[in-house]
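Take a look at these structures.
You will see two complexes here that share subunit A, one where it goes with subunit B and one where it goes with subunit C.
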Partner chain A sequence: MSAPTLSKSSPASARAPHHLPERRGSLARAVKRNLSAHGFLIGAVLCFSFFSWYPMVREFFLAFQKNKDGRTTWAGWSNLSYVFNDPAFWQAWRNTLLFTGLALVLGFAVPFLVAVLLNEFRHGQGYLRMLVYLPVMLPPVASVLLFKYFYDPGYGLFNRILGIFGIPDQQWLQSTSTAMISVVIAATWMNMGGATLIYLAALQGIPGELYEAAELDGAGLWRKIWHVTIPQTRLILSLMFLMQIIATMQVFTEPFLLTNGAGPEGSTMTVVYLIYQYAFNFNNYGGAAALGLVLLVLLAGFSAVYVRLSRPQED
Partner chain B sequence: MRSSWFRPTRRTSAAAVAAVLTLTSLAACGTSSSDDNSGSGGGSKAGISAPLDPKTKVTLTIDCMPPAAKAAELREWKEDVKEFNKKYPNVTISGKSTPGQCEEPARFTAQLKAKSQPDVFYTYFTDLQQVLDNNGAEDISAYVTPKTVPALNSIDPNVLGVLKKDGKLYGLPTSNYTMGLLINRKLFERAGLDPDKPPTTWEEVRTAAKKIAGLGNGISGYGEYSAENTGGWHFTAAMYGLGADVVSADGKKAAFNDATGKQVAQQLHDMRWKDDSMGKTQLLKWGDLQKQIASDKLGMFLAAPDDITYMVQQLGADYENFGMGPIPGGKATLFGGNDYMIKKGSSPDKIKAAVAWLNFKNLTPGKGQFQWDRTKADKLPVGLPQPNFFTGDTKAEDLASRTENATMPVENFKPFLDNPVPGKAEPPKAQEVYKVLDNVMSGVLTNRNADIDKLLATAEQQVNQVLANQ
Partner chain C sequence: MRPRTLISPAQLGRRRGKVVYWVVFALVMVLFTLVFLGPMYWMVSGGLKTTQEFVKSPPTLVPTSVHPGNYRDAWRVMDLAKLLGNTLYYAFGALAFQLVLDVAAAYSLSKLRPLFGNVILGMMLATLMIPATVLVVPQYLTVLDVPIFERNLLNSPWVIWLPSVTNAFNIFLLKRFFDSIPQELLDAASIDGASALRTLRSVVLPISRPILGVVSIFAVVGVWKDFLWPMLTLPDPGKQTLNVGIYSLASGVPENWLIAALTIASLPTLILFLLFQRNIMSGLTAGGLKG
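Our next item is the complex of A and B:
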C-alpha cells in the first residue's frame, strides 16, 4: 500500500540489490526487507488458520453432517430443523435477547455515566480509575463465586444487608423473575472497568473550550453532557454499542457459573449455553454447529455494521 | 486440488513445508494416543480368542491412572503394573491420569471426536451409543472368554448387558452402582431418629426431614439437585423408586406426566415451601449436596455409595457418619457405573493385552481393585457395598474378604444391602430428558407458586419432541 513512499527513506530499501526489476518481485523484496516481521506474521496466520478459521469452516460443514454408528453422513437441513424444533431454542433466544437488552441498559449506560463522573473529578482521578478497573483484573470465576455468595438466599451478603432495613429475603438467582437481572448486574460489575476507561479516554479527547463555551452560555452538567459530551463521543458510543451487542449475545460464563447452567426453569439458558449442551452433554455436534451457524449469521450482520462504522471518517 | 490460480513455486513450496511442519507439531501436541506397531503389535497369527502370548511386545495407554495427589492409589497402580509385568514383561502400561473425575464429559466427547482417546479408555455405562456413533471402540466379544477373563460368568449379566449393542461386547466393567438414600447418622441421632432404620417411603422421608431441619442452624433435612441435568437424573431415580418410568417402554413418549410424576414434584414442593426442610439455596448440582452432608448441614439425599468415598477422601468426612437405606418406594432403582473400552483400530495383540490388564486390575477377586487386605493396609476405604458386579460364589467370596478387611462400620449399610432393589437402566436420550426435567425440579424448588401441572405438561411436550428427534 504505502511501500513505495516508505522505500525512499527506508535504510533497508537503500541496501536492496539494485539489479531487481522495478515492478517484478516487489513482494519478495518486501518479505526480505521485513523478514522477522513476516516470520511473526506467518506464525500468527498459521495459529489463526488452525485454531480459528479452520474450526469456522469445519463448523459450517458439521452443521450439515450427522454421526451415526460410526458413520458421518450428510444430513441436509435436518440439523437446522432439529435446532428450530427444539423448544429450548426459542427459550434460549428469548433469554439471550433479554440479557442483551438488560446489558445494554445497564452495561452500556453505567460505564458511560461512571466515566462522565470520573472525568468531572479534578483530583485523585488516577486512584478512582484504578478502583473502577480493579474488578476487571479479577479472574472471572473468582468474581462469579463472589457474587454467588452475595446472592445466596440463605446466607448471602445482599439479603443480610436488606435484612438490616427490614426488607424480606430476595431469591436473586433462584427466581425466574429476578435471575436474569441478577446475572446482568454481576456481569456489568465484572466488565465495566474496561468500558469505563475507553469512554474516559474519549471524554478526555473532547476539547476543553467546548465545555468552557457551554459554561459561558450557562449550561449545567446535564446540558453539557447532552450538547457537548454525547455529540463528541457519538462514534465511540456507537461502536461500543455494537460491540456490546456482539459480546452479550455470546454470553456464557456468567449465567453458566452463577446459575449452574440454565437457572430456574431454564430462565438463564442462553444460546451459547445451548450450543455447549448440544455438543458436550448430548454429543450432538451437528445440532451445536447448526445453532452456532445461526448465531454466526446474526452476529456477522452486526459485525458488518461495526466494520462500516469503525472505518476512518472521510473529511 | 489443482487450479490455474494455484501454481506451486519455490516460495509456496517453502510455505507449504513450513505449514505442514507447524501443523504436524501442533497436531502432535494435541494427541495422546499411541499407535504401537512395534514388535508383533500389528497382528497376531494366534486365534483372537486365545490369551495374549507373554512374549508379545505391546504398549498400552490407559485412562484413569490415579493422580499424584492420590498417593496410595497411585502406589497400588504401580504395584499392579509390576505384578502384571511379571507375567507379561513385554507389555508396557502407560497410565494417563486426570486430577478430577476420570471422565469429564466435555473432554471425553472432544477426545472421541478427535480420536485421541487412550488405547484403553474410561467411560460411563451411558456412553456406549455416543462411543459407537463416533466409531470409537472395538468389538471385544471374541477376545473376552472364560479363558481370558476367568470370572466372566460371575459378572452380573445386567452389567455386561449395558456394555453390549446388537449382541457385541464393547467394554468391561470396573465399577457399578445402584441408588439409595444416603443419611447423616449424626444428624439422625440429634433429631431423635434411628440411623439404623433410614426412611423407606417418601412419607417417612418427609417426616424425618422436618425433624432434622428443626435442629436449626442452617441444617436441611433433605436435599435435591436441580441444575446441570442432575435434577432430571434424580427425578428419574425417584420415579423408578415408586415403580414408574419417565419414558414409555418403547422409548418414544414421555411417561412422567401422571399421578406418580405429580406426587414426586408435589412432595418436593411441599418439603421446600410448606415444611421448609430443604434449605433456601437451590439450583444445586453434583458435588453441592455432598459438601452439605459432609459438613453436617444436610440429613439425607438420594445417592450412590461411591459418593461416600468422594466425601471422605476429598471433603475430609468420616465413614462412621454415613449410612444408607434403599431408595424410597423400593420398587426399582436407577443403576449405572463405569467401564473401560478399547480404542477402535487397535491391533489384536493390543486388544488382548488390554483385556489381560483389565482382567488383572478390575475383574479378579483378590487381585487389583479387589485386593482388600492391601486396600486396608493403605488406609483406603473397605466395606462400601459397591462395586458389586459379581454374582454367586464369586460375590460371596468377595463380600467375605471385604467384611474381613473393613475399615468402616459395614453395618451402617445393612439396610441398603439387606433390601436390594432391582436396578433399572437410564432412559433413552438420558441427558436430554434430564435437561428438560431439570426445569420441573428447579420450578418446584425455587418457585413457591409453581404450577406443577403446567411444569409437567410443558416438560412432557419437550421430552416428546426430544424423543421424536432421535
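Our next item is the complex of A and C:
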C-alpha cells in the first residue's frame, strides 16, 4: 500500500506530528487540516478558557485587589497580611492539618487493608466490592444526614452500639474533642470505595511467583506483605497518598453539612470553610483569594517536593 | 484459575486454613453488610416510621407500624418532583455537553493532532493539579458576569453545564482510549473519502462505547453529588438541585419525612450503580492506574 503523503496517517507522523509534508501545495492542506482539528477543539477550549484558565489568573489578581463599593483597587500585600493576622486562620490550619492527619490514618490505611483482605477471598468478592462502593454513589446530603442521626447523643445509633460494650455515651459532633474525628469517620465511610477498588486492581496485578519465592525463603504473612505486597503496589500507593493529601486539605462539604462548618468552638472549621466564609458571608473576595493562594502555594510546593522525593526510589 | 495471592493454596487447603478462611470470610461478610448496607436499610425503614418511633431510644429495627405515606408527604411537602426534575435536567444537560465537546476535543488531540495540541492538552491537565476549591471564588465571580458575553449565569442551567465541560480527567480518559484505536482504521476511512467528523461518527464512536459509558456515568454522578457549586450558583429555591434543596429544607420538616426524602434522592444514583456496576468499576481502575 502506498502511504498517503498527508502527515496525519503513517506511524512516522506519531513521532513528528507537526512535520510539514514536502509535497507542493500541501501547505494549504495542512492549514485546512489544522483548521478542522482546531474546530473540534474549540468548544472545550472556550469552556476551559472561561471557567478554568481565566479564573486561575483571576484568583491571582483577586488576592492583591480590594473591592469596595463596586470599585476595584490595588491592595498589594494587605489581603495577605489581613489573612495572616486573623486568629481564625491559624485555627483553620490546625483543624485542616488534623483532618488530613486523621484522614490519612483512616482514609489511607483502611482502604488498603480492606483491599488486601478482599483480595484473599475466593468467594463473594463481587458482592463485597459492591458494598464498599455503595456509599460513594449516595448524594452527600443523604450520607451526611444519616451520620448526623447516628451521632445524635440522644437517640443515635452509635451511642447504643457503644452501650453494648459498656462504653459511656459520647457527644460526637457536639464536643470539641470528638467533633473532628467524627467528621473523619463519616468522610471515610463516604469516600473509601474508590480507593479500595483501585488498590484491589493493583493487588491483582502482582505476579503470584513473588509470593511463592518469598515463601521458599521462609517469609510469614507479615513479611510477605512488607516485602512483596507493599513494594509491588508502591507506585499506586504513593500516587494515592499524594492525591489523598491534596483532596483532604480541601475538605469542605463534610464539615459544612455535619457541623454547619465551624463546629463547636470552631473545632471543625477548615481552611476552605474559611475561604467560603470570607467570600460569601463577609463579601471579602480579596481575603478569600489570598487565603486560596496560600493553600495553592502550599499544595503545589508539597506536590513538587513529594514528586522529587519519590522519584529516585523508583529505579 | 485465579492467580495466587498472599496466602498459599497449600495453606488454605489444610484443615486449619479452611476453618480460619471461612470464619474470617463470614465475619467480613456480616460486618461489611452491617457497615455499608445497614445505614441504607436504616434510611429506608426510618422513612416508614412515625416521628415518635423515629426518635425513640433504643431505635427499633423493624418499624412497629408501617407508614408509606411519609414518602408521599415528603414528595409533596418538599416538592421533590421539582428538585428531582431540576437535578435530572442539570445532570443530563451536563452529560450532553461533555459528550459532545469533550469527545470532540479528545478526538482532535488524539487523532487529528493540531498545532499546539500538546500545549492545550498540557494546560487542560494542569487544571487537575490546581486545588479545585481555590478556584470556587474566582469562578463564582466569573459566572456573575461572564467576560465578553457580559451575561450573568446565576440561576441558569448554563452555570452547571458549561463548567462541567472543563473535566480534564474525562478528556484524559477519552484521549487515552482513542490513542489505542489503530491508525489504519482511520486511514481506511479517510481513503474512502470520509471527513474527520464522519470518521469520528462511524469509526471511532462505535468502538469507544465502553469508555463513553464510563465517562457518561461519571458525568451524571458528578452533577448528582456536587454540593458547593450548585449551592452558590442556584440560590433560587425553584432552580435548586436535590442536594441543596433538601439541605435548605432539612430543619423545617419532621425527621421521618426528611429521611424519606433522602431515600428518594439516593435512589437514582444507586439504581444507576446497580445497572452499570461493571462499567463504573472498570472506569475507576482505568483512571487510577495511570501511574
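By our rule, the second predicted complex is superposed on the first by the 256 of 315 C-alpha atoms of A that agree within 3 Å, B and C clash if a C-alpha of one lies under 4 Å from a C-alpha of the other, contacts with A are read in each partner's own complex, and residues count from 1 in each chain.
The criterion applied here is as follows: contacts are C-beta pairs under 8 Å (C-beta built on N, C-alpha and C of every residue); 3 or more make two chains touch, one makes a residue touch a chain.
Everything numeric in this text was worked out from a predicted model, so none of it was measured.
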Contacts of A:236 with subunit B and subunit C, given as first, second, both or neither: second
Touching partner for A:167 - first (subunit B), second (subunit C), both, neither: neither
First, second, both or neither for A:55, with subunit B first and subunit C second: second
Subunit B versus subunit C as contact partner of A:280, first or second or both or neither: both
Touched partner set for A:105, first subunit B, second subunit C, both or neither: neither
Touching partner for A:113 - first (subunit B), second (subunit C), both, neither: neither
Which partner reaches more residues of subunit A (counting touched residues only), subunit B or subunit C: C
Touched partner set for A:155, first subunit B, second subunit C, both or neither: both
Interface residues of subunit A shared between complexes with subunit B and subunit C: 43, 50, 154-155, 279-280, 285
Contacting residues of subunit C [partner subunit A, same complex]: 2-8, 24-25, 28-29, 32-33, 35-37, 39-40, 42-43, 46, 55-59, 100-102, 104-105, 107-109, 111-115, 117, 120, 123-124, 127, 129-143, 146-147, 162-163, 165-166, 171, 183, 186-187, 190-191, 195-196, 200, 221, 224-225, 227-228, 232, 242-243, 246-247, 250, 255, 258-259, 262-263, 265-266, 269-270, 272-273, 277, 280-281, 284-285, 288-289, 291
Subunit A contact footprint on subunit B (complex, rising order): 11, 15, 18-19, 22-23, 26, 105-106, 109-110, 112-113, 130, 132-136, 218, 226-229, 279-285, 344, 429, 431-432, 435, 438-439, 442-443, 446-447, 455, 458, 461-462, 465-466, 469
Contacting residues of subunit A [partner subunit C, same complex]: 4, 8-11, 13-14, 17-18, 33-34, 36-41, 43-45, 47-48, 50-56, 58-59, 62, 116-124, 127-135, 137-143, 145-146, 149-150, 154-155, 157, 160, 189, 194, 197-198, 201-204, 206-209, 211-212, 215, 221, 224-225, 229, 235-236, 239-240, 246, 249-250, 252-253, 256-257, 272, 275-276, 279-280, 285, 288-289, 292-293, 295-296, 299-300, 303
Residue ranges of subunit A touching subunit B (in the complex, touch as defined): 28, 42-43, 46, 50, 67-71, 82, 85-88, 152-155, 169, 171, 173-176, 259-266, 277, 279-283, 285
